[in-house]
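Working notes, beginning with the structure itself.
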Amino acid sequence: MIPPETTSKDPRQDMSTTEGESEQASKDPRQEMSPAEGEPEQVETTPDREAIGRRDGQGHAINIKALHAYYGPVHAVRGIDIDFPANEVTAIIGPSGCGKSTMVRCINRMHEEIPGARAEGSVRLDELDVYGTGVDVTAVRRLIGMVFQKPNPFPTMSIFDNVAAGLRLTGTKGGNLREKVNRALRAVGLWGEVKDRLNAPGIGLSGGQQQRLCIARTIAVEPEVILMDEPCSALDPVATLRVEELIDELKERYTIVIVTHNMQQAARVSNTTAFMLDGELVEHGPTSKMFTTPSDERTERYVTGKFG
Amino acid sequence: MNGVTLHGISARRRRTDKVMRASLFAATLIALVPLVLIIYYLLYKGLKAWSGSFFTTDPNGNFFGNPGGVRSAIFGTLEIVGLATLIAVPIGICVALYLTEYGKDGPFASVVRYFVDVMTGVPSIVFGLFIYIVLVISHAGGTGFAAWKGSLALSLLMLPIVIRSAEVVLLLVPDSLREAALALGAPRWRVVTRVVLPTATPGLVTGSLLAISRGMGETAPLLFTVSLAFGLTGNLNAQMNSLPLQIFTDITNPRSVIVTRAWGAALTLVALVLILNLVARAVSRRSRMA
Amino acid sequence: MEASSATVSGDRSALQRSPLHRLPDRVLRWGLTALAVLILALLVYFFIRLIGQSHLALSKFGFSFVFGNDWDVSRNIYHGAALVVGTLITSAIALLIGVPVAVATALFLIELCPRRARTPLSILVDLLAAVPSVVYGLWGVFVLGPKLIPVERWFANTFSFIPFLGGGGSSITPGNYFIAGLILAIMILPIVSAISREVLATVPPEHKEAALALGATRWEMIRMAILPYARPGITGGAMLGLGRAIGETIAVVLVIGDAPTIGHHIFDQGYSLAAVIANEFGEAANTPIHSSALFAAGLVLFVLTLIVNIIARWFVARGTRGMRAAGDITDAVDAATVGSGALQ
């Protein structure tokens, strides 16, 4: 159920006519932070590279060793060793039920939120093992963000409040808060579309916009790594393309792991691809190689569509 | 920046989290304290009253000497609530059947549902007043206060409970069952009686038991319709004793032995209600497992 | 089921049935409809007769019946402000104490409680609803009332500078507004908790996940993702509890002190609409104006509870419009109201 584009509700929001509209038209005081006042307005749907920012020195990599994950007695992830290089996009592919989502949820320790679920092994973000003793789970999740399959903006919050949600938890306020929200929205290319209605409910946006809103929410707190669990599977092709474009820009700053069941998508966005089957890592390597000359026979059968 | 530093969440946030979680736990314990205390005092003071004669003699209204037991109250409650059940359960199930099988989402059915909802919000005293106005003052049936009038008042109270719970249960019967029967050429009434009702029976029983246990505990409706009586009687057209009214009357009595009798009667009433409640839950759990 | 004339050759008689075959269906349908109409008619009849019986008193006292403060049986003057105020005070106390505890209990049981303990603890909380009101009254009169007097006295004297909440410490009796409100709080706790639990269970897990993934603590997640979503449903539940509190008769009449005056302190004796009816019903039987006044009190009570209930349900419906799970919450409220058996 994707709510209709809300542009029809407010005549000022009609996207095709915002060109040339002056910034003064909006009454929201938060607009004062917009850059380049007086410039003819352009509807941004492309990510703003400057807003995304540069990588700060060396990037941050994830290193997983001997990861096992269980749902009660069910052994869903069986001994995975894998590296996710810094500032690269790694795609995890595999048939349904192979454990790819589970594995990724172990990285930011969301897996253990499910009753009866547990994980063992080591997941290192640079030097830090997130499963180490005494490590605070909420701090880990600050550093490793997650975007979910179904866009899930908080339904009772406005667009602004949604993006600000994570920031408010750590006490960011006032002008600093506004600036960060502003930047996150520009980074995902939503700013132009929503700047006049930051107070509108987050769920009033279209599916694709909602997902970009969720991505903005995730990067607003400036994590090091972004995990994406089939982020485009609920979106139409145009929205999907926009998100993929965004992922491509985001990798300049973040390390990204994306789970996808769509192999064309994996081929488009990722540098490295990993193939999982029945809870095990079958093979992983540079994307181009994985899709053209995979080493393992099972990989070959999967990517050529013989199963899954 | 090489490596990553883990900034723990602030101590304040951690503390708030701990405090709030502890508070929620504490609140749950607090909520249970009254239950524990009530059961404790019921047992502590009520068991003292229980004896052979407690259950086998009637209250005698004497100012001195042995005040008697509560036999007529127990039987009276069983009789009055029994009659109320005979009225409320069949009618309630029928109305629920109408709502789920015939009326469905139609305008009239919606109106009925809304009014049933409204009925659940009516205080029990109002039902008593209503029967009082309509039947007691007018001496319908040749008497003023009478047990059957109390049963009517209780049935009005139980009716919405039966209807709502029955509707929920009937809606749970899968449509595919109904359609299969209809496709075989069965007329709707037979689908209802042969397919829907049997499937829904455990749930209907549960709902009815809950309604009955509710009806048993009500005092106000009986106050205005049955009034009090001491003797054991099977005459539904006369005044009859009942546990809630007996307790209510005894509470304000200056004699402590009668107050003790009130505790004993209260223990009896709660025991009856609890048994019904637990049986209802057992029935519903068993049917869910089936 | 009756086929129109078929062109199948062979025995056609099997396709034609007698109209009698449909008769039970028709009877059932119209019988049930008539029954439903009867129920509606009954409710309307309620109202009309009640108004009829109240007419004497209402026409004599007019608005002072509700707004005047002079309920005097000996002079046959019936201005019932004390009743209305008493009803409102005790209900307010019931809400202020009962709702937070009920919601907290629901939050604990749904979000924090280990799974195995959840069902037994929920059943225990729900059992509070199974206790008959006369037993609550009995317990209130002989246990809670007397035991709390020292505490009430201490409170009234220590905080005597606060209007209403303090003061009046010298004349505290076991029956007063506070005790009545406290007992009412206990009585509405199960229904508010049950409804809140159902509502909390409908919060979509994806919102909870979103909050956790941002690095929220458990409590922050509850505050961010659960409470705002559940608020309309919980408010509806609280209002249903309010309706129950307003109409409760037997427990209140035993512990409110039955004084037809407006008390100035929370520990003063008072009266309520329902309590006065139960108390004075016997002696009013032979005095038409008195009994009419009692019926009028019943009418006011009835109208009050109707309004509260209607608003409660409207609130729940309105709060869920536009949210994804609109159907869920109303269904949840219904299910909880029925399942807890704790209806009015």
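Which chain is which? They are A, B and C, in the order written, and residues in each are numbered from 1.
Quick note on the criterion: contacts are C-beta pairs under 8 Å (C-beta built on N, C-alpha and C of every residue); 3 or more make two chains touch, one makes a residue touch a chain.
Since the model is a prediction, treat every value here as computed from it, not as a measurement.
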Central chain (distance from its CA mean to the mean of all protein CA atoms) | C
Maximum distance between Cα centroids and chain B occurs for chain A
Top chain pair, ranked by number of contacting C-beta pairs = B-C
Cα-centroid distance, chain A relative to chain C, in whole angstrom = 46
How big is the gap, in whole Å, between where the Cα atoms of chain B centre and where those of chain C centre?
-> 15
From the C-alpha centre of chain A to that of chain B, how far is it in Å?
-> 53
Touching two or more other chains, which residues of chain C qualify?
-> 215, 217, 220
Taking each residue of chain A in turn, which ones touch at least two of the other chains?
-> 138-140, 142, 169
Multi-chain contacts in chain B, i.e. residues touching at least two other chains, fall at 9, 13
Within their complex, chain C touches chain B through residues 1, 21-22, 24-25, 27-29, 31-33, 35-36, 39-40, 42-43, 45-46, 49-50, 52-53, 100-102, 104-105, 107-109, 111-113, 121, 123-125, 127-128, 130-139, 141-143, 186, 189, 193, 215, 217-220, 222, 240, 243, 246-250, 254, 274, 277-278, 281, 295, 298, 301-302, 305-306, 308-310, 312-313, 334-335, 337-339, 341, 343-344
Where on chain A is chain C touching in the complex?
-> 1, 108, 110, 113, 115, 138-142, 145-146, 148, 150, 152-157, 165-166, 169, 203, 214, 217-218, 221
Which positions of chain B touch chain A when the two form their complex?
-> 1-4, 6-10, 13
Partner chain B, residues of chain A touching it in the complex = 56-58, 60, 125-128, 135-136, 138-140, 142-143, 169-171, 224
Taking the complex as given, what residues does chain C use to touch chain A?
-> 115, 204, 206-207, 209-217, 220, 224-225, 228-229, 231, 322-324
